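Two complexes, one shared chain (subunit A), two partners (subunit B, subunit C).
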Partner chain A sequence: MRLTLHVWRQSGPRDAGRFVRYDVTDVSPDMSFLEMLDVLNQQLLGRQEEPIAFDHDCREGICGACGMVINGRPHGPQHATTTCQLHMRTFPDGAALWLEPWRARAFPVVKDLVVDRSAFDRVIAAGGFITARTGSAPEANSTLVPKRDADLAMDAAACIGCGACVAACPNASAMLFVAAKVSHLGLLPQGQPERATRVVSMVAQMDAEGFGACTNHGECMAACPKEISIDFIARLNRDYLKAVARPKPQAVKANGGDV
Partner chain B sequence: MTPPTPPTAPTSPTVATPTRSGFVRSLVGKKVIMAVTGVILFLFVVGHLAGNLKVFEGPADFNAYAEGLRTVGAPFLARGQLLWAVRAVLLVSVLLHIWAAIAVTRASWAARPIGYHALTRTETTYAARTMRWGGVIIFLYVIYHLLDLTFGAVNPSFVPGDVYHNLVASFERWPVSAVYIAAVIVVGLHIDHGLWSAFQTLGLNRPPTFRWRRGIAAAIAVLITAGYVAIPVAVLTGTVR
Partner chain C sequence: MELRSKAPAGPLADKWEGYRSDIRLVSPTNKLKHHIIVVGSGLAGASAAASLAELGYTVSCFCFQDSPRRAHSIAAQGGINAAKNYQNDGDSVFRLFYDTIKGGDFRSREVNVYRLAETSLRIIDQCTAQGVPFAREYGGLLANRSFGGVQVARTFYARGQTGQQLLLGAYQALERQVGAGKVRMYPRTEMLDLVVVDGRARGIVVRDLVSGAVGSCAGDAVVLATGGYSNVYYLSTNAKGCNVTAIWRAHRRGAAFANPCFTQIHPTCIPQTGHHQSKLTLMSESLRNDGRIWVPKRKGDTRPPREIQDSERDYFLERLYPSYGNLVPRDLASRRVKEVCDEGRGVGPGGYGVYLDFADAIARLGRHVIAERYGNLFEMYERITAENPFDVPMRIYPAPHYTMGGLWVDYNLMTTIDGLYAIGEANFSDHGANRLGASALMQGLADGYFILPYTIGDYLAQAKLGQVGTDHTAFRQVEREVSERVERLLVARGRTTPDAFHRELGRLMWDKCGMSRNVQGLEEALQKIAALAERFARDLYVGGKGEEFNQTLEHAGRVADFFELAELMCRDALHREESCGSHFREEFQTPEGEAKRDDARFGYVAAWEYAGAGKAPVLNKEPLEFEVVHPAQRSYV
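This part shows the complex of A and B:
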């Protein structure tokens, strides 16, 4: 296969960045997208040029490290597939491909196609701990979870935090990510004690990071490699409303409540 | 190509306690305000249509309905009291709706300072993409609509109290009817996306609503649009004169 790549090159956070054209030959249809970039980088190194920086780790679609916008679609055109699991046979011979980083104020470009997704880590950190006994593993069935809740919690927990939802959103909103993280704990009995403070803290951190507001386009769901549904966004909204509406616990004086 | 903004300084996570001021500050809270006021305005649009369709019952009934809006609640309420109370609620709703929309839009525009070479649309709809400018169009049209049929300032022969006559006099001019039909179609698109969005924003996605919310919203939007469009069409074709 022959390909024409237009790759976003940006030497660092303060560089303006630009598209650079590369003609790649001898691409096997069986290569993964990242292997194709590895081949191009070998050629660039041979020509004493700077290789293209891109994020990757497991290359089996489960770590969430990789990701770039390929011809206007985060992770490329194939449904429910991370960039590392995308194969070159997806594209026709001679295809022209535009490769861009996730574009969001909250995801500053580190270099080329690599963005800093620490904002997601800080949103998760804002969620805080869950109250759980530590020590030896409890007996498996000591806390019963209805099958439907367990399945739904697992659907939310499938989020790998790749950021494709933000990249695909016309508003650069992180609602699908935050909704998934809020929901997978909110659906389980272990997540109940901090349920209200968790959702409020994570939503506050999401806003502080500079993500946009959800306007229900649904693009995030279409781009998500783990097929996480926007039903979780409604669940987040409901949890948030409940947390704000819920009466705050009041201190009771020793005399039984008469202040 | 504009130079990129320097990386945002890492903000340290804090555990926030649920507060009402935090609710208003948050984008989720603003969306809820937009959804609640949107539902209020939607209910007005439904009620307004139900009243307007009385135009097909003739001048006497239609004018009696308009007068009834002022005398409803008598003798407990003074003339026009309830009407003005409703108008106050609607005005506050409109202002809050617009305020929330501007705040949310500004946040979203700021969230992506450097755009894509191309971003392919896969899931979004025409209605979803036209919410912002559609809202501006509706706002401008409502001002004209009030000047035409409520205040009579731009009506060709305004007679206070004879709303049937005012309506016919205005819609007899085909450009006015054409603009009205166009505006009502924008309202229909706004309701189509807005109504199902309200379900989503208010967290109402439990069975049995969630499977049907998009279809229900679209059906309601089509019915409302058709109902409103029928009025100028009836005037232009001479059914209502």
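This part shows the complex of A and C:
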């Protein structure tokens, strides 16, 4: 296969950035998308040109490190597939591909296709956990969890934190990411004591990070490699309304403790 | 070098409890004053950092990824073992202990393995309390499945994403402490060296992977939770970033490296498709619960699998090991798969593959049951191979997956450098010469949640550590050495990329120090590694600068350390003139082709001591003493 790539090159956060064209030959349909970029980078190094920076690690679709916008779609054209699991057989011979980083105010570009997603970590630190001190846990089977709830919690917990939902959203909203965590923990009996404070704290942090608001476009769900449903956003909204409708609703300290 | 395991006295079942009640404690006010450095944020690192911070210590945690949630523990699929006996099938702490020590072919320390089995019970409680969505039965109780090398169902799982869910639990506990200001997290920061002051680990030198700046962090103890080194083979199931640098640099500063040649080759991975291949993908061992492994009886039979009748198929694991069948331990399964492929009965392009067939299970249980158990694995397989396992059998082949070897640690998980700890896959302690499935998650979390947080206090309570900051001359010196090393990689200006060198080294290690080894091959490998390392120094091309985001430079530094490790692995494999677990020396096998141990000569842990550049490493031996189990030849027939 032969391909024409138009790749976003940006040396750092202060550089304006631009598309640079590369012609790639000898691409095998069995290659993964990142292996195709490996081949290009080896060729660039051979010509003493600077290789394209991109994040990647497990290459099994689970670590959430990789991700780029391919022809306008986060993670490319294949449904429910991360960039690392996308294979070149998905594309026709001679295809022209435009590669861009995630674009969102809360995800500043580090270099080329690499962005800074630490905002997600700070949203989790604000409340995306169950406070369970090491050593204080009761016997695991002492609390029953209906299979239906456990399965639904697992559907939400499958989020890999890649940020495709933010990149797909016209408002660069992180609602699907936050909703997935709020729902995962809120569906389980262990997550009930902090359910109200969790949702309020996480939403407050999401706003502080500069993510946009949700206007129900649904692009996030279409782009999500783990098929996380926007039903969870409805669940988040319900939890949030219930939490703020209570007397004296307020955000808690970052550690989830008392104010 | 003296190797003191510090194994406590007393009956096996009471040792840990007694020891824990006996070791020194650090008072709550003093805990605040101690600063602990944790390198790595996988199951071991994240759980240790979170638990230490909960206890009141001040913690700094480092990872090279952009977020601690990306550590490679996240990719573990199948499950985590615990001796809960929820299935009432006769499981017990002793049985888990015995299976693990037998699975490791009697090359692990008895006391450590027993403690691991004991601790397994609390891990499931802890993770459930954190909200890990384990699979459940309709009544709301936790569900279990079976794994290789055992005859009970003791594995807890969260679909095919158990590692992900356990890691997210530990990550969330870690982030809670970050939010509380008790842990300072340093993502995209790679440890490049250890700083030892007066014989004690007092800090690390790191490179900020975004700015490229070399800097330091000083503390009262350093915990390495940096995982394994399977990427020495280039193609492995590990994430691309996994590397040996942190533990290798610690080794060069005085930490003994134990059993480096004990590397696990996992039987069920997707076969390689071409020379562009950048990594191999594991298909969970849990698939062997319902999938049957077979090859055609006849050599060179290239008919499509469905046209080959049952009578023309060789279900070789079921034939050779009737009582365990497809669920034999990984080392045996891998070796037998290699054997039938070497005989010319392999399937798929190149003949390096065997079938893992679900047709019988689908007929027996129905398609929906199989889809629920393995749906995401089947989808992953189809994305990579464009074949649907519901219609055609999977093709699998072994691939490097886990390393049992690692830094030598005592019962406290402390290395041979005072104040330096190694936990999780980075240490050598619990899996002997072969790890059983679903035991890596168990060990990582046992070390991080329930062992290290206690044992580190014993050291800090009595160490009488003086004030040492990053302005100390030792830090300046090591920083200078690190900067020089980075500079050397950049100035070479040859023609070969780090990736090309890495591939070449990996191919050599796979051929000569992989699934089976012999004296000629290992000696040849030692010569070739030296020649390759020499060429690396001369002909490397990295490009760019040190003071910038430079992924080629990161890779080059890791490959340089893999060269040194590869040499030690071959030396270790060469000296161990026996076969045990994953270490199969062709010269030492039974008439049935099984590993032939030599307990009299090799019933020890080989702990290698660094003797300086260009000098042969020094071998130290920790004899393995068994008080309860009696080492026997493993039988899974």
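Please note the rule applied: the second predicted complex is superposed on the first by the 237 of 259 C-alpha atoms of A that agree within 3 Å, B and C clash if a C-alpha of one lies under 4 Å from a C-alpha of the other, contacts with A are read in each partner's own complex, and residues count from 1 in each chain.
By definition in this document, a residue touches a chain if its C-beta (ideal position, glycine included) is under 8 Å from a C-beta of that chain, and two chains touch if they have at least 3 such contacts.
The model shown is predicted, which means the values in this text are computed figures rather than measured ones.
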- Quick one: classify A:104 as touching subunit B (first), subunit C (second), both or neither. first
- subunit B versus subunit C as contact partner of A:32, first or second or both or neither: second
- Task: In the overlay, answer first, second, both or neither for which of subunit B and subunit C A:126 touches.
- Result: both
- Message: Taking the superposition on A as described, I'd like to know which of subunit B and subunit C A:117 touches: first, second, both or neither.
- Response: second
- Query: What residues on subunit A does subunit C touch that subunit B touches too?
  - Reply: 116, 118, 125-126, 128
- Flag every residue of subunit B that touches subunit A in the complex, lowest number first. 1-8, 10-20, 22-23, 25-32, 104-105, 107-125, 128-129, 131, 193, 196-197, 199-205, 210
- Query: Hey, which residues of subunit A end up touching subunit B in the complex?
  - Reply: 6, 10, 13-19, 69, 71-73, 98, 100, 103-106, 108-109, 116, 118-119, 122-123, 125-126, 128, 168, 170-173, 196-197, 200-201, 203-219, 221-223, 230-231, 233-241, 243-244, 246, 248
- Message: List the residues on subunit C that touch subunit A in their complex, please.
- Response: 47, 50-51, 54, 65-70, 72, 74-75, 84, 86, 122, 124-131, 133-142, 158-159, 161, 164-165, 168, 171-173, 175-181, 185, 187, 210, 239-241, 273-274, 276-279, 281-282, 379-380, 383-384, 386, 449-450, 453, 495, 497, 499-500, 541, 543-544, 549, 551-552
- Task: Under the touch definition given earlier, write down the residues of subunit A that touch subunit C in their complex.
- Result: 12, 28, 30-32, 34-35, 38-39, 42, 45-46, 48, 50-51, 53, 55-65, 78, 80-81, 85, 87, 89, 110-111, 114, 116-118, 120-121, 124-141, 143-147, 150-151, 153-154, 157-158, 160-161, 184-185, 188, 190-191, 253-257
